[in-house]
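Here's the structure, in structure tokens; my notes come after.
The letters A, B, C and D name the chains in turn, as written, and every chain counts its residues from 1.
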Amino acid sequence: MIPLLSVSGLRVGFGRDPRANEVVRGISFDLADGETLAIVGESGSGKSVTALSINRLIDFSGGRITGGSMKLKRADGSLFDLTKASEPQMTGIRGAEIGMIFQEPMTSLNPVLTIGAQIEESFRLHRGLTGRQATSAAKDALDRVRIPDAARRLKYTPNQLSGGMLQRVMIAIALACNPRLLIADEPTTALDVTVQAQIMALLGELKRETGMSVIFITHDIGLVAGIADKVMVMQNGQAVEQGELNQLLDRPGHPYTRHLLRDVPHFANGRATRADGKRDENAGMNPALKVDGLVVRFPLKSNVFSRATGAVHAVDGIDFDLMPGETLAIVGESGSGKSTTAKAVLGLVRSTRGSFSIETNSAARSARPVQMVFQNPYASLNPRLTIESILAEPVIATGGRVDAGTKAAMASLLERVGLPANSLQRYPHEFSGGQRQRLCIARALMLNPSVVVLDEAVSALDVSVQAKVLELLVDLQREFGLAYLFISHDMAVVERIAHRIAVIYAGQIVEIGKAASVLSQPRHSYTKKLIAAVPTIDRRRERFELDTRQMPSLVRPQGFEPAPARWEAFGEDHMVRVEG
Amino acid sequence: MNYLLRRLATFPLVLLGVSVLVFVAIRMVPGDSITAMLGTEAGLLTPAQRDALAAYFGIDQPWFVQYWRWIGGILRGNFGISVTYGRPVLDVVLERFPLTLELAVLSMIIALAVGMPAGIYAATHSEKPSDLGVRVIAMIGQSTPSFVLGLLIIYTLSAGFGVLPAMGEFAPLWQDPLRNLSQLILPAVTLGFAFAASVTRIARSAMLDVLSDDYVRTARSKGASARSVIWRHALPNALIPVVTLSGIEFGYLLGGAVIVEQIYALPGLGRMVLDAILQRDYALVQGSVLFIAFNFMIVNLLVDLAYVALDPRIRLGEQ
Amino acid sequence: MINLTGRLLSGITLAAMLGIATVSSQAATLHMAWSQDATGLDPHKQTAFSSLRLLELIYEPLVRVDASLRIVPAIATSWEFSKDGKELTFKLDPKAKFQDGAAVTSADVKASFERILDEKTGAAARANFLSIAGIDTPDAATVVFHLSQPDAPILTAMSDVNAAIVPAAEIKAGSIGTKAVGSGPFKLDKWDPNAKEVLSANKDWAGGPTGVDGIEISVLPDEAAILAAMRTKQVDFALLNDPLVATLVPKEASLQLNRVPVLAYHVLQLNPSRKPMTELKVRQAISCAIDRQEVLDTASLGEGKVTGPLTIPALATDPSQLFCYKRDVEKAKALMKEAGLADGFSATVIGATGEPPTAAAEAQVIQSQLAEIGIKLDIKMMELNVYVDAWLKGDFDMAIALNGGRADPYTMYNRYWTKAGNLQKVANYIDDTLDSEMQKGRAETDPEKRKAIFTAFEKHLAEMSPWIWLYTSYSYTAQQKNISGFVPTPTGTLFSLSKVTIQ
Amino acid sequence: MRILRAIFGHGSGRIGGCIVAVYLLLAILGLLGLTPHNPITQYRIDRLHAPSAAYWMGTDLFGRDVASRLMAGIGQSFTVAFFSVAFATLAGTVLGLAAAWLGRRWDGVVMRIMDVLLAFPAILLALLIVTVAGPGTWTSVIAIGIVYTPIFTRVVRGPALSLKAREFVDAARTFGSSSSYIVTRHLLLNLVAPLTVQVTLALAWALLTEAGLSFLGLGTQPPAASLGLMLSDSRNLMETAPWLMIFPGLAIMISILGFNLLGDALRDVLDPKTRRAPA
């Protein structure tokens, strides 16, 4: 049987001399009708360029196809080489025969047009529908992606919808004209884990309904286990291995595939937690950080003249303690208040109520015992300062002088975090993301802190880099006896580093306890849902449940106080907030 | 709505600042209404004559009394009497305003009608010779002083072709639209040339930015044609900087275009203010500057409202 | 863009496109343009050149001066001084009527002069009429002025529109300055300051019918634009200030340039109260170092005449007779040396921007000429009012000025060079000879004797060099060649527009 | 150095850079008096001489060499442009940083004052300043500087506000860095790029504004030359001696062209967005 799409020897280059600057270097694969191909790779592997080459959008990003062919079987059965298509021919194919969804739903929809108009456009372009017909088709399309209240939502502009909703809209647009091929380029990477599960479930259902073929691009090999028929692993512009899903996952042939499967954090339901740092080893010591009844509220005013009418309860009564040498992970989805908690601990946002006590367990500790590593290694280093100035800043800030001793400390820290010794005179942009995050860690350690707050510190990194940074963090923790407050939404990462886990939902901790216990036996309904949504290599072809529940509003009337929490204990060190 | 009220609430504050600034500044300039009227002959006046004239011009009181009276009058809707025109300031200003407004609107129409297509064309032909051509013309436009362009136009038309729009007797739009347009088209072109050049450059760079945005890629992935991508998807998103620029330019033009009004002998606000300064017509200077400042603020407000209309993401009043 | 248009369209289509081709053919209306507008309508208070030119068409004084500066009748048909020169009697024209229809009577004359003399009015010309002790009106057509001393120049002073006769009723109503009701050849129908004036012929004018039905004056602030408007026949008649523009007019076949030397004079005012100009030798050195002809040639393209202090043709002395009117740098250097300033000195010269248009150019030529004898001049150009303020306070080392002339030398100069002169502070130079010559000239009525007195005055003034008189320029009017009947005069008046016709 | 090399690697940057460099050279020569003739010496027998071997660009009304005056004028105009823009940059940066960093009430106060200045007609503001202080080079500098201060304040305040919210500023706060350290190292250093672009554009505007002031008789005082003054002095001699308008006119045009090209290049070179590699 003739495959729907047959790519052979595809080469794509950029710049003035595309041949000398190839990013995709000879990719071949076949995709049958109704089949799902997952292309897995890290950034720079050429996976997205491959995807964009198929519908020739790469032409608009400065790319040029320098070789190979891409034969598409058209609706009438004829074969058509996409590499030779003219732009007018491609406008007829895009949307009609090849649909595409992108990574960032927030930026991929036109901000100034209503979503209705954007969906209708597809019908207008390929079905010739106009006016009421187009509107009603658009409504059907929204219904199809399970958006409730579709008729009203047609009039919304993208900023009025959440990321998950927008990705559904994107899917509705891509599938509006029932293309036979859907290209999904990291469609869930920017989304929360429960939302990701919803989108994956939706894609699965739609695929079954329509029988289309899908090319699914991702960096998360765990995610494809649930959806793909075939997997292609890419590295440096080449396919290092491709094959049937089970075969590739169970018997990986190429070392890189093995690396992706083994060395990279995958969620294992609490089986991969750390064995060191038992709490009782530290019995009798004071906690490095103790947080009592932390409350952060942002007043809401309806206008300048009036008093506050309500408040956003971003953090609503959080208590925990953190022992030296221990990692407490705070997990939750965006908007849950986990980052606000971190910032309150650092004093970056003013807490409305609550107390912190910070213990320093060594006489030599500095005046700033709590330090932070931020999520985005690109944004947290001033691009205009040399590494030396960046590392010197904490010293200067605490009244120190940059002398030979400081320089020696910088050099040894750089070496310790695995950066070349000549880094001091260089600028941040000369380093990769992982290296920058190492720099941030080194900077945080310049002041000999006892507590380091890691706010999504590895989330922006490539998976294999993630693993290495996590290793470094564990090593440093052992070496310096650091206490980590590790804030993350990524269960797989949390599993690798946390001793204890606090699950936070709507500004409150709902479950806290030993990592293995919380991850393997979640008690709170939210924790259960969260853990169920995490993709794993183990759960292949599992169907996700569709669920459109959203986080409750955090806006409360003036003077509102939450009811005091009641806790229930499960075994040693595992507490769950009583629901209802 | 709230935002609108809040913005309007800052108006009196800013206008108060403007009023103090103009009041003090115009009085700090040496010379007064008397020397403005009599010139060197003012030296022939006896002290009693001087006092009588000072009382006539209302400049016999201390500054703060004059200021207090002036502000008090404004609060009652009385902007004072212009000594040059012998009429209420507001009447004089409002009589000049339609021309200034019309000229500003015409120049903006020319600027947008020429600048937008040119900018879009340049952006979609980026780094090609045609793009370069458009950019060079735009830069020439931006670098030609308006008096040079104005004088060249007048000279070329009158000496070269023996034609010139009717100068001096200005016909308001509602009396004789054809004559009015014939009088305003050249000044509008003179002003619009530089304005169009700025619009071209801003439109070009905004379009270039927008064309690399994700949603443009989305539109292409739907199979939208190049034209539809440009006009339907990219353009509305590229309008914000153009609106910002046009708003600022338009605001300035509403203050009158002194040089162009002078060359083309148009009775607009700019020349009126300049003449009022030269003739030390204090009430008129003060009143018209307040008026101009008020218009400028209104235009700024409209620009902000236009942002909201153009881009649903923008929420006014959020910092 | 211009060239492209030129290639695509002929001038005519372009004209049609712009809707211009139909230039008004109402032959009876004279379209006039000037660059500076009148600043007010009160004939007793306005002193600006344009204001006077406008008001002369609307108001009439008792008498007028003609092109050769002789006194001729206006409202008064005849006049005579008493033997002792202390009584001046006028007979009024019985046909004279104000534009509201009322006859001009002796009561109006009396009220007008009383208004000028009243300090509350603030009339600048009051200084010229201080010798008036009383006014009698024996009948409606006769006015008798009683003078406190013989005052020959008073008659010339009365020819000025600043001594115009206004209706007694309007004075009483306090509407002078807001409403223009005169007895002159034209009525002011509309005035839009700094934009335009519309005048219509006064059918009842005692001087007979006017040549045109009306005059429309447009303010075109840029003189190059005035010339452009004349080229395209939009403007029939224009007043020009800038010689750079005026000299372009004769190059146009259809245009005619009228020029007449005027009484006003370009002058470099020294401030003799400031060192080192306190020294006669220094002032004389400056006078000798300046090449007046070169200043004229450069700043005004030679459009004018080098002049001494007296600019009235009948009284003026040939400049070559005056002290150092031929440039003599060696003498200047010698004088500087004698004054102990062989190395020169530094001073600042002030000027008004655009008033006259040649001011900056004159200052620059003088700067360059004085540099040759070691005087370093700094030029400071100022906005007119700022300049006037400094000028009136005498707050300058040197000033470039264009001072107005009068048909009578006493009226013209008593303000500066008599001990009681109002502008003595500006001139800052007290000289017994000058004062006594002025007083003699004031009382003398015999023209020959007056001429001798003022010649002596002029020579002395030039030699003392408190100011360096430079040149008189021309008053320019430009007109289409189908306009006839305009007579330019040294006072600059446009009164003869009343008899101008359009073919 | 890196930036200079980048500019020369940029097409329009190379042209713009060359133009500006040539002008700077001419300006320096003009200011040092190294001109073919003395720019204020009046060769009065050669008045209004058309361009010739002796006078490359002809002579003016006074017989002064136009080419020499052009060089001196470029020196003068560039002096006014540079100092006024320097003034506006300095004042605008200080005010904009203060408004952004201090926030709340200070932000309100500073921005309202800037609103007053912005709402005040610009040419009028310059006119009043010049009439109050009397015309002259430094008054023009102050006048143009004050007119552009609100623009620079806005240019600085916006990015400063967003920089203030960046993570590296948060990071600095966690170490307890002082306000002055954060403002200078983290805010100001990162504002250099937008400021540089704004400065080149403002230089072009300042040249034009100086020409406009001279047209109204409020700019440079004679006999000194500035491009604007030469141009406005030439207007009534346009027919008699067209070279008096052509050369200064071209000089202004080309210099502004140079600044604009350089500004465009700087924007490309300094803007991280255009440096971003294709994904």
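As a convention for this text, a residue touches a chain if its C-beta (ideal position, glycine included) is under 8 Å from a C-beta of that chain, and two chains touch if they have at least 3 such contacts.
If you're wondering where the values come from, they're calculated on a predicted model, not measured in any experiment.
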**Request:** Could you tell me which chains are in contact with chain A and with chain C alike?
**Result:** B, D
**Most distant chain from chain D by Cα centroid** = A
**Prompt:** Which two chains meet at the most C-beta pairs?
**Reply:** B-C
**Asked** How many angstrom between the C-alpha centroids of chain D and chain C?
**Response** 43
**Fill in**
Here the gap between chain B and chain C, centre to centre from mean Cα coordinates and rounded to Å, is 38
**Asked** Roughly how many whole angstrom separate the Cα centroids of chain B and chain D?
**Response** 22
**Asked** How far is the middle of chain A from the middle of chain B, if each middle is the mean of its Cα atoms, in Å?
**Response** 50
**Asked** Mind pulling the chain B residues that touch 2 or more other chains?
**Response** 29, 151, 155, 159
**Item:** Multi-chain contact residues (two or more partners), chain D
**Value:** 131, 235, 238-239
**Asked** Using the touch rule from the top of the page, what residues of chain A touch 2 or more other chains?
**Response** 61
**Message:** I'd like to see which chains touch which, written out pair by pair.
**Reply:** A-B, A-D, B-C, B-D, C-D
**Fill in**
The chain D residues in contact with chain B across the complex are 12, 112-113, 115-116, 118-124, 127-129, 131-132, 161, 204, 208, 211-212, 215-216, 228, 231-232, 235, 238-239, 245, 249, 252-257, 260-261, 273
**Fill in**
So, in the complex, the side of chain C touching chain B is made of residues 1-2, 6, 11, 14-15, 18-21, 23, 33, 39-40, 45-48, 119-127, 177-178, 192-196, 216, 218-222, 224-225, 227-229, 231-232, 234-235, 383-392, 401, 403, 415, 422-423, 425-426
**Message:** Give the list of chain D residues in touch with chain A in this complex.
**Reply:** 166-168, 170-178, 181, 185-186, 189-190, 192, 272, 278-279
**Complete:** In the complex, the residues of chain D that touch chain C are 40-42, 44, 47, 61-63, 131, 134-136, 217-218, 221-223, 235-240
**Complete:** Touching chain C in the complex, chain B uses residues 29-32, 34-46, 48-50, 52-53, 56, 84-86, 151-170, 178-179, 181-182, 185-186, 193, 262-265, 267, 271-272, 275, 278-280
